[in-house]
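Note that the chains are named A, B and C in the order they appear, and that numbering of residues resets to 1 at the start of each chain.
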Amino acid sequence: MKLEWRLAALKNGFQDATAYRIEFVLEFLGAALVPAAIQWVLWYALFTIGGATEIAGMTHAELIHYTLVSILFTQIRGGDLDFELGEMIRSGQLSNYLLRPVGVVEFIFLRGLAPKLFIAGFCLALGLLLSFFTELSPFRLVASMGLALLGNIIYYQLSASLAAAAFVWEEAYSLLMVKNMVVNLLSGELIPLNLFPASLSWVWQSAPFYLFVFGPTQYALGRWSHEQFLTQLGIACLWLVVGSGLVRLTWGLGIRRYLSLGG
Amino acid sequence: MKFRRALGHYLEIYRVQLKNNFVREAVYRSNFLTTLMVDVIWMGVELSLFTVLYANVPVISGWTKEQVFFFLGIFFASDALFSTFFQRNFWMFSDLVNKGELDILLTKPVNPLFLALSRWVNLTTIFNVFLGLAIAVRFAQPAGFAGGWLWLTVGFWLLVGLASATVLRFVFSIWVFWTERSFALSRLYYQFFHFATKPDALYPPAIRYLILTFLPFAFIGSVPARALLHGLQAWEYALIVAVLTGFFALDGWLWRKGLARYQSASS
Amino acid sequence: MIAGGTSSGPVIQARNIRRVFRSSRKGEGLKGALKLLARPEYQEHVALKGVSFELEPGSFNGLIGANGAGKTTLLKILSGLIPPTSGEARVLGFEPFKRPVEFRRRISLVMGQKAQLWWDLPAIDAFDLLRAIYEIPLKDYRERLQLLSELLEVGRHLNTQIRRLSLGERMKMELIGAILHWPSVIFLDEPTIGLDVLAAQKLREFLRVFNEREKATIILTSHNMDDIERLCSRVLILRDGELIFDGAPNGLTQAGHSRLRVRLRETPSAEELSHVTAVPVTAIQVDEAEEGETKAIHFTVKQDRIVAILQALMQRFHIIDMGIEEQSLESVIHRLYVEGELRS
C-alpha cells in the first residue's frame, strides 16, 4: 500500500528520534537557543552598550521580540537529511533502497519529518501559550507555522537536489555545508533581514530561504499584513513546484548515471 | 638523550602521517576547491553579517568595523589551523571507540592518543590560514594595529587559539567513552562555537565570564585579536595560562577515566 | 632471525586468569536513561573462569571455542588491552596490561574484523607509517617487505588503495602490516574469517612458513577447523570461559575410532538412540536438520562396533542413508562440549 510505507517511514523516524531522548532534547535546545542568544548579545551590544535608539527603523524591544518569536520557527526546517542522502550515494547504500518500491528521496524526507512535526507542535503550543499573555494573535501563529512547514518541504527539496551532486563528485559534503551557511544568513535566523541595507534586499528576496524563519516571524509579529502573507504563501507554492521539478530532474539524472556505472 | 630520541621518533611518525595525508588528498583532488570554497563562503557570511550591522551603527562596544574585521581575520586563521591539524581527528574519535580501532592503537609502542590525533591532516585548509591572515593584514592599519615587530607575535597568538580550540574540543569528544553517541555533543560544540565568532567585548558580563573561563571560546580568536590590538592586562595573561593548563589537565584526566571504562566494559 | 623469549622458559604464561566485566543495564526510555545516570545497575558477566596454561617459544597454538567462549577476551588480556580481573598473565616476561613499550614492540595483534591499515591509502604508505611507529631500520624494512610480499604474492598490489583490494588481498596486507616489525609473539583473531577457500589456504601456508622460519610464537583463534588442524601443534579449547582441553590436536581424535553417519525416517532423541545402540550419549551427535531433510546422526565408535550398531538401529528404525566418515576435529570438539555439558 502506498500510504502504508509512508506511515511506516514517519513512525520509524519518530522512534529513531525518541530512542535517544536526552540527545534529542539537548540538540534541540542547543540549536534553538544559541543563535537566539547570539542575536540577543548583538542587540545588547548595539543598544545597551552602544547607546543606539533605533536600527533600520526597529527599536531594541522590537528586535528582541523578533529574536524570541523567531525561536519558534528556526527548528522547523533542516536536520541533516541531505547529508544522509549524499552519504548513501557515496557509500553505495542507495542500492538497497532502489530495490524497494519506495521513493528514496521521499522516504528519507518522511523519516526526518517525524521529529520536526513533533517540534512544530511543541513550538506552536508554546507560541499559543505565549499568546495568552502577549499581543500575539493565535490565528497568525497557526498560519505562520503552516508557512514554516511549507518552508521545511522547500528546504528539503533544494537540499536533496544539491545532495544529488554526490552522484557526480563522490561527495556533496562541502556543497551542503555552503548551503547551510547561506541559508543560516538568508533565512533570518542570524539577524532580521530588514537590517540588510535596501540596496541589498534583492539578495534575500531572490531566494526562498526567508520563507523559513523571517517570513513566519514577521507575520506572527503582525509586521506583515494578511495580503502580504497570502502573496508570500503564493510565492512559497511556486517554490514548491520549482523544488519538486528540481528533485525529479537531479535524481532522475543521478540515478540513471548511478545505475549505468553499476551501482 | 632519551628525550631527543623520543622526539625524533615522534617527529618521524608525524612526517609520515603528513606525507600519507598528502598522498590521500592527491587522490581526491576535487575536494581541494570545494574545501576552500566552504571556508571562503563561511568567511563571507561572517563578514557580511557585520557589514549589515555596521551599515546601521558606526561602533559596537567600542569596536569599529575595521577592528572587528581584523579580529575575524585572526579568528579565521586560528580556526583554519585547527581544521588543518585536528578537526577530522576529533570527528573520527567516536569511530575509534565504537568500532574498536582503539584496540589496535593501544598495542602500538607509541602514545595511542598521539596516533589518534595525528591521523588526519587536512592540508588544503592551510590556504585558509593565509586567507585569514590576509584579511587581518588588510584591516590591520585602519583597525589601529601598531604593526612592526608585533607581527612576530601573531604566530604565538595563533598557537594560543589553536591550543584553546583543541583542549576544548577534546572535552566534547571524549564523552564517546560514556555515551556511544557523541554526535549530539560534537554538534553542541559547534553551537557554542558561534560564541567564538564575535569579539568577547560584545557580550554581557555573564556570558563573557563564561567564554573566558568554563567554556573558553574567547581564546580561539577574540583574546588573541584583543592582545594584538590593545595588549592584555596582566591578570588576563594569568587567566590564559590557568585556563589552558586547567583544561589540559582535565583532558588528561578524562582520557584516563575513559580508557579505564573502555577497558572494564570490554569483553 | 629472532628468538621467542629471552630465556628458555615458556614465552606465555597464564595463571588462573579470570575476567568479569560489567555492563550497565538500561531501563526503558527516558526514565531508564535518567536512572542510569543516577543509580546505575550493573550486570556481571564472567568471560573467563580461571584459565591456566603455558606456551613454548616458537610454538603454533590454536585457541578454539564457540562464540562467547572467551577466546577474544583471552587474546585481549594477553595482548595487554584489558586487565584480568584476577590471576596473572606473563608474556615475554612482561605483565601485558602494564603495556611497557618494550612489550608492545615485540607483539602483534591481528583482528580479522578490524582493519589496522587505513582504507584510503595504498598499502605501501600504510606500511611506511608502521615502519616509523616501530622504528624499523630502513634496510630491514625493505628486506622484510620484499620477503613478505613475495611469500604472499602481493607485490603488484602494494601501490593500490586498500579499499580497492579484494578481501583476501586486504587480509594479506593486514598480515604483512602486523609482521613487519618481526614480533616475537603474534596474536591472530580469526584471520581467515570471510575468506574464500583458496585465499584462506594461502594465508595458512604463509603462517606455517613464517612460524617455521622465524620461530615467532603464534596464537590463533578460528572458527575454521582447517586452520587449526593444519597449523597448530597445540590446541586450547575454551567452553564458557573454561579451558576444557589443552594438548596436541592428534590427541583429540581417538585412534581406531570411526564416524558412522546415518539418516533415519524417525526422529529419535540422542538419549533414545543411546539406549537402543548402547553407545554413550557423548559419542552421538545429532545435526540440526536442514529444511526438508532428515537429521543426520553421527556415532563416533570403534570400528568393530559398527555392524552391531546398525543391526540395533534397523530393528527399531528405518535407515534411509548411511556412510562412514573420517573423524574430524569439529566432531571431536562437539564431543568435548557435550561431555562438558553433561558433567555440569
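Rule of thumb we're sticking to: a residue touches a chain if its C-beta (ideal position, glycine included) is under 8 Å from a C-beta of that chain, and two chains touch if they have at least 3 such contacts.
Owing to the predicted nature of the structure, the values given are computational and were not obtained by experimental measurement.
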item	value
Leaving out subunit C, the still-touching groups	one piece
Chain nearest the overall C-alpha centroid of the shown protein atoms	B
Gap in Å, rounded to a whole number, between the CA centres of subunit B and subunit A	29
Between subunit C and subunit A, distance of the C-alpha-averaged centres to the nearest whole Å	53
Distance from subunit C to subunit B - Cα centre to Cα centre, in angstrom	45
Complex contact set, residues of subunit A against subunit B	20, 23-24, 26-27, 30-31, 34-35, 37-38, 41-42, 44-46, 48-50, 52, 55-56, 169-171, 173-175, 177-178, 181-182, 184-185, 190-191, 195-197, 200
Residues of subunit B that touch subunit A when the two form their complex	28, 30-31, 34-35, 37-38, 41-42, 45, 48-49, 52-53, 55-57, 59-62, 179, 181, 183-185, 187-188, 191-192, 194-195, 198, 202-204, 207
Footprint of subunit C on subunit B - complex, ascending	9, 12-13, 15-17, 19-20, 23-24, 27, 99-101, 103-104, 106-110, 115, 119, 263-267
Sites on subunit C touched by subunit B in the complex	19, 21-23, 45, 47, 72-73, 76, 79-83, 99, 101-102, 104-105, 107-109, 111, 114, 116, 118, 120-122, 125-126, 128-129, 131-135, 161
